[in-house]
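As structure tokens, the structure follows; a few thoughts come after it.
All chains are identified by letter, namely A, B and C, in their written order; residue positions are counted from 1 within each chain.
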Amino acid sequence: MTPLAKLLEAALFASGRPIPLDELASLEPEASRAELALALSELREHYDTEGHGVELAELAGGWQILTRPEYTETIERAQLAARPQRLSAAALETLAIIAYRQPIGRAEVEEIRGVSVGGMLKTLLERGLIDVVGRAEGIGRPLLYGTTQLFLEQFALRHLEELPRADELAVALRRSGPAAVAEPAS
Amino acid sequence: MTPLAKLLEAALFASGRPIPLDELASLEPEASRAELALALSELREHYDTEGHGVELAELAGGWQILTRPEYTETIERAQLAARPQRLSAAALETLAIIAYRQPIGRAEVEEIRGVSVGGMLKTLLERGLIDVVGRAEGIGRPLLYGTTQLFLEQFALRHLEELPRADELAVALRRSGPAAVAEPAS
Amino acid sequence: MSRNVRGAERAITSAAPDFAADGSFTVELDHFSGPLDLLLSLIREEQVEISDIPIARIAEQFLLRISSLALDEAADYLEMAARLLRIKAQMLLPRSGDGEDWEDPRAELVRRLLEYQQMREVVDLLEHLGEARRNRFARGYLPQEPVPPMAPLALSLPELLAAVDRVLRVAREPTMHDVVPRALDVDGAMETIRAVIALRVRVRWGDIIRREAEPWEVLSALLALLELARRGELKLAQARPFTDVEITRDAAGEAA
């Protein structure tokens, strides 16, 4: 591998979290962005073709070395590492709404989910997947929630824009109002 | 690399601690100790000869993959050179409350901000911008916080009295230019 | 997106062994993450269009289901049941006019169901992405690295002042309390205390508040005492900490 790729590997390896490109760039101020990108793809390819147990992933606005999924079961069975708990469907629903509508208040989330979400918000806050990002105007100035960097990391998203836009989803939301609703068959 | 060497790489990478040979053996019960030793030396050699930024080492607690020492200094320097961090709006608000109301306890800060500020206080303490300056009377004798010398230095203030009084704030804000006082996004 | 929306099937199959991480009572115990989820699943079972729900039939099914699943203590489900029955009643009303300006009572429900269904599609995606990431480990052990030095902070006074301004703005907003269990009656308590000290020059706390008084009464009496003391109508004294508070009629106040 080239010296730059080696340096990047060392730095990425030294971190448990994704490293943004900006920070990788400061490792070698002489290197251009193009050279940096080249070294990253060299590293990625090396992992892929030389039969490694790890791979290079781009997520949450940065780069991170992760193990390949085929070893996960074995590693967990040997009790050397454990996967984080899966989120419940209800937690995922709450998270999905917040990801798309942020900043959003609790009342709005409850309106969409049709259930109260107080406990769920607390869980998501504790897991660091959402955070208070502000307060709304109006009575009581309710708290507004948004997703965090850790959310991107745990769902391996490069950025929020990677989520499909509403009009790319299979279920199209019709314009509200009775006009858009089909008349009952008479 | 052989499948066993790949598995060992993934396990050593994912493990939360160095792994003794006995535990590595539990990854692949079929493999003999000799095969295990062979796979480890294969991994070590691969790192050494293929120009990697990491190396395989057997230290006190067991086997682990380490960043090559020649890179640690560069990595540390890069972290220092990394772009100066900005405090979040929420952290700034907490700091502002402490600057104006010191000595002040956590409960009072939370009362004003309406959210829990535990993590925020920790950040400000770590940054040396605030410090514990005493304890309040009353139940539990809560800690009281105040701003530090470093706080004055960071904001280029000679003393706290240089901060505008609350009723002078509008004037001071106007003087410091409209860009700096952009309304918080709401 | 090629992924199919299979809201109902999903709800029944994959939501089953849920970890309700917060331990609170959640109805997902029964595979549904809420009334909208249950409703969508019924619509699918009945193979009807969301935009044209046979409301009477669906309402009946909904009620049947929440009783058989023993969900009936869940307020969210009951609220939806009530809503369905209300829509059903509205549908039975004779239409005024000839359909042109008739507003379908189901319109709002349809909108919510579509919105919910769309969100479930995102949930499918997140589940897929989350599972893919969950199956990859990041480096677990970071041994030799010392605590990385922190990047320097970029701070400016205008930023701090702007923060002060934001805080003041919020602080000026009146705090809203939605729960007022019982209003305080400070005026009433003041009248009581005045009556008591008119009879006796020196009284004790126990003379002005009955033993089994409720918190609001205690608080009212306390505020009344402080207010009267402030107005100079009485004096408060405590010989030692934790001893009884002595309340005496203030001669000066009386003269005023």
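Note that in this section a contact is a pair of C-beta atoms (placed from the backbone, for glycine too) under 8 Å apart; a residue touches a chain by one contact, two chains touch by 3 or more.
Worth saying up front: this structure is predicted, and the values here are computed from it rather than measured.
Student: If you average the CA coordinates per chain, which chain's centre is most distant from that of chain A?
Tutor: C
Student: Quick one: most central chain, C-alpha centroids?
Tutor: A
Student: How many angstrom lie between the centres of chain B and chain C, each centre taken as the mean Cα position?
Tutor: The separation of the two C-alpha centroids amounts to 33 Å.
Student: Measure off the straight-line distance from the CA centroid of chain A to the CA centroid of chain C, and report it in whole Å.
Tutor: Going by mean C-alpha positions, chain A sits 28 Å from chain C.
Student: Taking each chain's centre as its mean C-alpha position, how far apart are chain A and chain B in Å?
Tutor: 20
Student: Considering chain B alone, which of its residues make contact with at least two other chains?
Tutor: Only 10, 13-16, 67, 72, 79, 82-83, 114, 184 qualify.
Student: Name the residues of chain C that each touch 2 or more other chains.
Tutor: Counting only residues that touch two or more other chains, chain C contributes 137-140, 145, 170.
Student: In their complex, what parts of chain B are in touch with chain C?
Tutor: 10, 13-18, 64, 66-67, 72, 76, 79-80, 82-87, 89, 92-93, 95-97, 99-100, 112-114, 126-127, 154-157, 164, 166, 169-170, 172-173, 176-177, 180-182, 184
Student: So in the complex, which bits of chain C are touching chain A?
Tutor: Contact set of chain C toward chain A: 1, 3-5, 10-11, 14-15, 18-22, 24, 26-28, 33-36, 49, 51-52, 75-76, 80, 99, 102-104, 106-107, 110-112, 114-123, 125-127, 129-140, 142, 145, 170, 173, 176, 178.
Student: Which residues of chain C touch chain B once you look at their complex with the stated criterion?
Tutor: 137-141, 143-146, 148-168, 170-171
Student: Which positions of chain B touch chain A when the two form their complex?
Tutor: 1-2, 5-11, 13-16, 19, 23, 26-28, 46, 50-54, 65, 67-68, 71-72, 74-75, 78-79, 81-83, 90, 114-115, 184-186
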